[in-house]
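Below you'll find a set of structures to go through.
Each of the next two complexes has chain A plus one more chain, namely chain B in the first and chain C in the second.
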Partner chain A sequence: MYAQMVKSTGQAVRTRDDMTVEERAFQDRIDRGEKIEPKDWMPEGYRKNLIRQIGQHAHSEIVGQLPEGNWITRAPTLERKANLLAKVQDEAGHGLYLYCAAETLGVSRDELFDMLHTGKMKYSSIFNYPTLTWADMGAVGWLVDGAAIMNQVPLQRTSYGPYARAMVRICKEESFHQRQGFQVMLTMARGTKDQKRMAQDALNRFWYPALMMFGPSDKESVHSAQSMAWKIKMNTNDELRQKFVDETVPQAEFLGLSVPDEKLTWNEETEHYDYSEPDWSEFFDVISGNGPCNAERLKTRKKAWDDGAWVREAMLAHARKSRARREAAE
Partner chain B sequence: MADKVAPKSHASGKFSDPKSEWPLWEVFIRGQHGMSHRHVGSLHASDTEHAIKNARDVYTRRNEGVSIWVVEASNISASSPSDKGPMFDPSRDKVYRHPTFYDLPDEAGNM
Partner chain C sequence: MRDTTSALFEFLLRQGDNALVLGHRTSEWCGMAPVIEEDIALANIALDLIGQAKLWLEYAGEQEEAGRSANDLAFLRDAYDFRNLLMLELPNEDFGRTIMRHFLFDAFQVPWLEALSESSDQRVSDIAQKASKEATYHLERSEYAVIGLGDGTEESNRRMQNALTDLWPFAGEAFRDDNIDRAMHDAAISPLPSMLQPVWKIKVQSTFQLAYLTPPDSEFAHSGGRIGFRHTEHLGHMLATMQFLQRAYPGATW
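This part shows the complex of A and B:
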């Protein structure tokens, strides 16, 4: 999941009796499955909650380019390089769709960037892990994009129209990301002994961080309860994580790789895999800024923004001058 | 992505200075010959030429279009949600505008 621990109102979901007339009509629309559009009336909490979630999602797409961008110049073949370039370009596009959706809620693009750069808004914890070998490009596509898809598919039905439409576009484009990652893993798993070892090592390092992407259990979270009532969040974190484990374990078996979890077993009764929880203290450490790459990611991102400032200003100055010249000629 | 006609009343003044941010554009793409242009989303760009170039990169990476329109979002006027009733309800009860309203004998043939 690209959005983790998104805060809602922080209060218990209100009963119908406690709602104002407007709030009740709004909740009815959501319950009927109607989409909320930018100019419609919405509770302030709904608007804020969405800005936090869509913003975090957009930031994740943008920062998510960095671990993979790291390997573009070192891809093993020209074909792999073209695949990776296309994938990273897609992430940029996905970030742009999502920023646009957030902007319909009245927050500006520069404001969102500023909140990312000053650490006021987060991006997914997963992008604070390093990509050490080429096999990591396989593991990221297979596991990270796989986990993201698990979360994004249900979000196509989310109540906010612009967000849902962005999600539809993203999901359509994203399945290639996971497939190319799996293919990289497959090639390495069936390659030389060293290549297989690299593939296993990548799985070992990315398995638990991928499970963390869904966020800690939110069965009792008031934030999640409100988000679910508003259909901003469609499933609990545990539901999605279980679904991810159930789908991914057979894929690892197909690759001939082993999931780094000694407790992993198929449970006949529940018809799901039992698995070990990730180390949540590590998650809280990473999300609060102390992961292996937090400082580097933010620094790279800020540098790109600052180094691009003169281009943005020059283009705007050029546009203004051209307009003035055109108007003078008329 | 769409609907940037939303009022910007919530934006705090500090970063939403229109002088430093590239303006917002709405993007319309003609998918195939013979189809009309359809709204696909929005983006920021400094001028029309730039907006078309960005639209190409952001919205047609998979051969989605044969033609692009861009229009600065501030130039779009939209109906208001509170007018939904008076605007659209009057057409709801005019069922005689639909062909199925008119019952004709089968012998009359397809019409």
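This part shows the complex of A and C:
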């Protein structure tokens, strides 16, 4: 997850008749379930689409460090502090594998950072929401990582080899994070009156933003069809959102918390929950830069990057000097 | 016997608080480091230190026999009961100063933990052996970074020199023996910290030479942290953040 509204070619899916011989052979490989590797021929649209998707995913991991990083210094026990620190560290690690996967498509990490900092590339809308109490550390793990897993598990079978392999590793860690988040939530929900209140408040604030993570309804998603034909996207947004609701509602019941949706009911006929759509106008606001924390998150990331410039330059200069000194000594 | 026990408690707080306070400061870098690899490495170091703090403070709590857990000691003591070195509670400031502080501390911590691995107290020896492996890696890394940043560019050299000049007056506190140290030494639990100063000096001086850095020509050392007499103003702010939840919601389980 963490990739929303990734632009595809902007055109309808090409039919076999429209395809060149190379494109047809490429599509056949994908249809047979073969993995595409960095040195293989690929259509330019496939490459660009993947760079956008993997890049957006990588940026989400890096920006996603910030809302949880906000509580590392206030974690309530040594164990919770260590768990949270390890989780945020895993996210940095995910960012690293994903930038590496994107690099195999011919774009550098510095170029991707530059596109993030100049607003040319996006990251998931969810990280533009603030984390206000310790219960948010539970809600983020439980709901945000939970939603991410829904999308990422199928992406382990995605057609691009380096992306699929990065996803295998990421999924293992994400499901661990989700259980950890649920456990924080459970402790809060079974805790004191204040803690229960924090837990309910966190669910109230994160429920709809979590539903938005899957992107707008399929009816409005213009980029899905080509991505699905290329197996870059494996399921529709609505399928995944429904699966998330179906799995999460019983968990909320187990926690003794109420999902902030009056229309939420089990539908015997469809064997799914009926639920209210999130406020899509809010989603489009957040995506276009007007979420509660957009400006701040980007400013923080840019500051970290700019403040670190002298370190990166110095380490490169040191490497150059060391090489020159070695060569002079030989 | 009672005296050795309470001296041991103090000694354990010193070890635990050093790890806790530096671990906390290091954790403040999360998401803010100059490159992703550094972010991951700093998180690793913070995790090692918090893990070490837990082991030392658990043992301290047991020695005290007042029923305090590691978490009680970490989250429910005020600044004057902390026993960490002053240098470790100072704010991070820039990356250079963060690295310089780690290096000055790691260069002490490696021989210190190696010596504690031979402690007459089995538990101290066990914790030290585990922590010693981590400290060796921390030193390798901070030493490499000090050399790289000292050598790198004019700007990086200037920043590292400033960091060294600022931190140097805090580096000596680790080696100032007091009665607790003497009691620990008499019981063969630890060496006297002053005994390690020559080894430390050789290490830091050789590194600074490779890094084109010059420590100030002064033996002056601030003190008051490890004896708990007078901390800096920064510790209180750090604890206000760190202890917020435990203080605001007493008795809750997290």
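Simple rule for what comes next: the second predicted complex is superposed on the first by the 326 of 330 C-alpha atoms of A that agree within 3 Å, B and C clash if a C-alpha of one lies under 4 Å from a C-alpha of the other, contacts with A are read in each partner's own complex, and residues count from 1 in each chain.
The rule we apply is simple: a contact is a pair of C-beta atoms (placed from the backbone, for glycine too) under 8 Å apart; a residue touches a chain by one contact, two chains touch by 3 or more.
This is a predicted model, so every value here is computed, not measured.
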Which partner chains sit in contact with A:103 here, chain B, chain C, both or neither? Use first/second/both/neither.
first
Kindly classify A:175 by the partners it touches after superposition: chain B alone (first), chain C alone (second), both, or neither?
neither
Is A:318 contacted by the first partner chain B, the second partner chain C, both or neither?
both
I'd like to know which partner A:82 touches here: chain B for first, chain C for second, both or neither.
second
Who contacts more of chain A, chain B or chain C?
C
Looking at A:118, would you say it contacts chain B, chain C, both, or neither? Reply first, second, both or neither.
neither
Quick check for you: in the superposed arrangement, does A:47 touch first (chain B), second (chain C), both or neither?
first
So, does A:93 touch the first partner chain B, the second partner chain C, both, or neither?
both
Residue overlap on chain A between the chain B interface and the chain C interface 86, 89, 93, 96, 312-313, 315-316, 318-319, 322
Residues of chain B that touch chain A when the two form their complex:
1-12, 14-17, 20-22, 24, 41-44, 46-47, 50, 57-58, 61-62, 78, 80-81
Taking the complex as given, what residues does chain A use to touch chain B?
37-41, 47, 86, 89-90, 93, 96-98, 100-101, 103-111, 114, 161-162, 165-166, 169, 173, 312-313, 315-316, 318-319, 322-323
For the chain C and chain A complex, residues of the former touching the latter
20, 24, 27-28, 30-40, 43-44, 46-47, 50-51, 53-54, 57, 70-71, 74-75, 94-96, 147-149, 151-153, 155-156, 159, 241-242, 244-246, 249, 251-254
Parts of chain A lying in touch with chain C, wherever the complex brings them together:
62, 65-66, 69, 72-82, 85-86, 88-89, 92-93, 95-96, 99, 134, 187, 191-192, 194-195, 300, 303-305, 307-319, 321-322
